[in-house]
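Next, two complexes with chain A in common: one pairs it with chain B, the other with chain C.
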Partner chain A sequence: MGLAERVIQLLLNGLMSGALLAVPAIGLTLIYAVLRFPNFAVAAHATVGAFAGYVANTRLGLPILPSVLCAFAVAGLLGVASDEIVLKPFRPAGPITTAIASVALTVALENVVRFGFGNELRGYDLPIARDWRLGAIRIGPQQVENLAIAIIAVAALFAFLGSTRTGKAMRAVADNPTLANIKGINADAIGRLASFAGMGLSGLGGMLIGLDTTIDPLTGFRTVLSVFAAAVVGGLGSVPGAVIGALTVGIGEELSLLFLSPEYRSVVGFLVILLVLTMRPRGILGQRAY
Partner chain B sequence: MENYLIAMAVTGCLYALMALGLNLTWGLAGMVNLGLVGFVAVGAYASALLTVKLSLPIVVGVAAGAVAAALTGGIVALITARLRGDYLAIVTLGFAETIRITASNEIWLTNGTDGLSGIPGPYRGTLGPELYNLLFLGIAAAVLAIAFVFAERLAQAPFGRVLRAIRDDEQVAAVAGKPVTAFKVKAFALGAAALGVAGALYGHYTSYIAPDIFVPLLTLYVTLALLAGGRGNSRGAVIGGFLVVFLLESARFVIPLVPGLTAVQGAALREFLIAALLIVILRLRPNGLVPEPRLHVEIPGATTDSDLQLS
Partner chain C sequence: MTRPIPHPSRRSLLRVAGALSVVGAAPRVVRAQGPTIRLGVLTPLTGAGGFDGPRMLKAMQAVAEEINRNGGLLDRKIELVVEDDETNPEAAVRAARKLIDVDKVPVIMGTWASAVTTAVAPLCWESKTFLTTVSGADSITQLPHQGYLIRTQPNTQLQAGKQAEFIASMGMKRVFLMSIQAPFAAPTQARLADVLKQNNAELIGSLIYDKDKTTYRSEVDQALRDNPDLIYLNGYAPDVTILLRDLYRAGYAGARFAQSYAVTSKVLESLPAEVTEGVYTVQPSADVGSPAFELAAKRLGIPQPDSYEAQATDWTSLVSLAIAKAKEATGTAMRDNVRKISQGPGTKVYSAIEGLKLLAAAGEVNYEGASGPCDFNEIGDILDCKFRYQRVEKGKFTFLKIV
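Right, the complex of A and B next:
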């Protein structure tokens, strides 16, 4: 395979992994926009979503699409519950204390999964399909399906934020909570909705990333650095920024394979965070939520 | 049993040392460090590599571990100095993962996930295991004592006062003419140095380090130690360090009594309990079980709080 073809293959892979990364990155940034703290618990919710989808897929025998919905719903509901019970009381103490609590929450939830499923790697029940080839370029049908699911999820969120009344209310709270409150918007309800949608997307993203490889209790934690990188690059709190950030990080991580070994993928995410924070501390799109 | 208790006392000293380091940055200067385990790893690997590969004396190794951790800490602080605290949380977490991934993959240097073994300990060969344990406990306790006295002095010195001012309101400190960035970088470097020494001592004590040891869970344990003792409070940090080791070890004895658990489930339960405990303490006592003592500065002729209450 020539260098040009290799680069094209990596760009294609980067575009696809970036699209998958966009799903949890949007989840993280949405929660940040509304509740204003970096919620590290996206890691555990991605794992929980991946396992919820796994149970639906392998134990209940559901196909991938309904399993993905299961991942979204279970992680979303857990997100609302864990925020309500664990994280919400911390918010008056400030974003940093809440962030530390969210790290502890992630470890606690991860261990609940480990308690139930053990540490072994698990795979989804997928139909075996041959890769499509275009010259030397390969694409897996499953990758295309994942890409389609990711695009639908992102599009649905944009439609929700852009054209529903509740979506507008959410943007209003993200933009200026005091003003939104004066206008009679119930910030608590919007916060719960942000937790549901944000953690639901994390769970969905966790499953999509797991569909590409295998899952275990650390699935979420291994990707959390890339997810944060995507959100920070795009501007923490900006939903379109998270998409751009995710594509940047996804392509960056794949292109790094030209000169780094694959184990360093998440280090690339970290370096991108450092670079962006040094040059443009508010990310590419700044902080506007939408 | 005696050996076990001594080993736990050494571990307690190291946790207390790490909690002291974290207290300097998070407790005093208000800079969160979710990647403190990364600095512990830098110190451990620097010292282990210098003593194993270059056969340098252990003292030189530990000192180099402190310097290496301080330098990386300074760089991390310099990059993030202008940013808000939530970005520091992200960067430090990423830093620790980067160190761990590098240690796992640069096999030529670090021996990868197999870890480095045969790290020399002081007089390990000539003393028996019991005497060696005792000697190391003496060393760890001495290092902890020095760090404690240093931290106490620092907290009361003008340096510590400026750090608290920065923590409480960065802008006010800047308006008062304090070079905020320089102070932050120094505080972070000093805290990282203590973490690095703890890591270096750990390696020399157990003779073995591997990337698996430096996981985010350790960061949580040390954060829990500082919170349990009290943020901004060196004495609390030391007490908290020993308390956490006691809790972790008690859990090790109690959990096997629960019937029908596999080893993995037992470990999961233990980690879950520790994380839950951290959440509960953070929730009930956000500044720790023993909060920082408030400094009272007598200003001649000024009305004090008690005067105001009387009037």
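Right, the complex of A and C next:
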């Protein structure tokens, strides 16, 4: 394999892993944009989504697409409930306190999953297909499917934010909560909607990661650092920023393999954060929600 | 002013004597009522070791219960204080601090991951707490642990050497090693390269990968570039599962080799059979067929305890026998007495209760465990062990051999 082919392969791999990362990163950033705190419980919601999809797929026998919707819905509803019951009371104490509470929440939820399902690795009822080959380049059918699902989910969110009345209201709350309030927008309802969509996307992201690998109660926790990195690089609070951030982290980590040993791959993600934040402290796209 | 000491009445004396005689006639179990002897368990109930940890815990509990049912240890009951190390060094250090400082246990049994044991060991020897482990990295017994550590697992040198011989005996000439970032990675690589070379094979390349990744496609590309006959996946279950998938997707048709803790029966369930077909696994073998092994199987109610359950059985037995020998439950007593009951000219015993009876009668014992002879060198490594090889066929393990 020549250098050019290697670079193309690494770019492709990076694009795939970046797209997977983008889905929960958008969830994190959307919640941040509206509710103004980094909700680390995306980790547990990604796990819950992955398990909800698992139950739908293996126990109820549903195909992958309805299972993915299940993952979204269950994680989203749980997101609304956990925010209302657990995190809302913390919000007056400030974003840092609420963020810490969200870490506690994620540990608690993860253990609930562990209590119900145990620690074992589980796989979806899904055949594993060999990669397609285009010359020396290879692409996995499952990855292409995941990429398509991720693109559809992100496109749907963009359409929602861009062209529906509620979506515009959400952007208004994100941009200026006081002004939005004066205009009569119900910030509480918008907050709940943001929790639903954000955590739903995390759950969907968790299931997409699981489709490509296996799931266990730590599925979400393992990726939360990269997810957070992606959101911060893109500009915490900016939805398109999360996509760009995720692709930057994903592709950056892969391309680093050209000159670094794989054991340092994670470091690259954080070097990217350092570099971007040094030059643009508010992330690549700043903090405008959309 | 002095108060006259009341004379006990004849009736109350009789009552006391009667009560004493009842206690004397009662089985030893009833008498083991003093304060309990607390033994610490620190094992991965969650994380990558979450498959082995709970089973090791059960094995330790089974031995402790058996001892308690048969009169206890130094006439006291054993109480296991259990903490989860989460297969994570930071969590493990916090839990170990709690066991040592709050529960004041003289021993910590059950650390699994090498990184965890490496983190916890200094706390143990500093506080004169005995530590028993299954971690394989060579560096662990080379720590300045002053004797406060034994491991029942063969070290990396012993393991990698035997594995290299097995791989070469299968006719594999070109071997590639993919290791997780862990203390055993580098020593395994060095030893594997040496022994393969002695057996007319070659380690053509190796890489160390980062854990917690959702895909290893690029790493797999790197491994396949060298066209290996066999790829040794030296990681833990979550990452090896992903590697197996990615190797399958890449169309790799050569052999794959992994430790049995990385390819468990749960891993086989979670992957389609065609992905795992033909994977070779190795594990230090329990001493299958030995009397201690048969007893452990009976105690646990399972036909074939694996190496980890056997080793966990042996820790609780060794620790209890060392306490009985020293007549005190301290880490230093265990350090000074564990070799007196595990090796040497004493009568061979195959369970803790058998050994405790002999020690109570002032005999000498040599504990022969379910995991092997349990003879330790001066740095706490076992001297000998068997290895069990299996191959995955149609999603099930098939036994190849025990060497």
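Methods note: the second predicted complex is superposed on the first by the 280 of 290 C-alpha atoms of A that agree within 3 Å, B and C clash if a C-alpha of one lies under 4 Å from a C-alpha of the other, contacts with A are read in each partner's own complex, and residues count from 1 in each chain.
Throughout what follows, contacts are C-beta pairs under 8 Å (C-beta built on N, C-alpha and C of every residue); 3 or more make two chains touch, one makes a residue touch a chain.
Keep in mind the model is a prediction, meaning the values are calculated, not measured.
Chemist: So, on chain A, is it clash or fit between chain B and chain C?
Modeler: Verdict on chain A: clash between chain B and chain C.
Chemist: Classify the contacts of A:7 with the two partner chains as first (chain B alone), second (chain C alone), both, or neither.
Modeler: neither
Chemist: Looking at the overlay, what does A:214 touch: chain B (first), chain C (second), both, or neither?
Modeler: In the superposed model, A:214 contacts chain C only, not chain B.
Chemist: For A:254, using the defined touch cut-off, is the partner it touches chain B, chain C, both, or neither? Pick first, second, both or neither.
Modeler: A:254 sits against chain C, while chain B stays out of touch.
Chemist: Examine A:274 and indicate which partner it touches, taking first as chain B and second as chain C; both and neither are also allowed.
Modeler: In the superposed model, A:274 contacts chain B only, not chain C.
Chemist: Could you say whether A:119 touches chain B, chain C, both of them, or neither, answering first, second, both or neither?
Modeler: both
Chemist: Quick check on the superposed pair: does A:223 touch chain B, chain C, both, or neither? Answer first, second, both or neither.
Modeler: It touches chain C, and chain B stays clear.
Chemist: Touch test for A:138: chain B only (first), chain C only (second), both, or neither?
Modeler: A:138 sits against chain C, while chain B stays out of touch.
Chemist: Identify the partner contact of A:266: answer first if only chain B is touched, second if only chain C is, both if each is, neither if none is.
Modeler: It touches chain B and chain C both.
Chemist: If both complexes are laid over each other on chain A, which piece of chain C (99-107, 153-161 or 171-179) hits chain B?
Modeler: After superposing on chain A, the clashing stretch of chain C is 99-107.
Chemist: Using the superposition described at the top, list the residues of chain A that contact chain B and also contact chain C.
Modeler: In chain A, positions 114, 119, 261, 263-264, 266 sit in both the chain B and chain C interfaces.
Chemist: In the complex, go through chain C and note every residue touching chain A.
Modeler: 45-47, 50-51, 54, 181, 207-210, 212-219, 221-222, 225, 237-238, 241-242, 245, 248-251, 266-267, 269-272, 274-275
Chemist: Residue numbers of chain A touching chain C in their complex, please.
Modeler: 1, 6, 9-10, 13, 16-17, 20, 114, 119-123, 126-131, 133, 138, 140, 142, 209, 212-214, 216-218, 222-223, 254, 257, 261-266
Chemist: In the complex formed with chain B, which residues of chain A make contact?
Modeler: Chain A reaches chain B through residues 37-38, 40, 86, 89-90, 93, 95-97, 99-101, 103-105, 107-108, 110-112, 114-115, 118-119, 221, 225, 228-229, 232, 236, 261, 263-264, 266-267, 269-270, 273-274, 277-278, 281.
Chemist: So in the complex, which bits of chain B are touching chain A?
Modeler: 32, 34, 79-80, 82-83, 85-87, 89-91, 93-95, 97-98, 101-102, 104-105, 216-217, 219-220, 223, 262, 264-265, 267-269, 271-272, 274-276, 278-279, 282-283, 286
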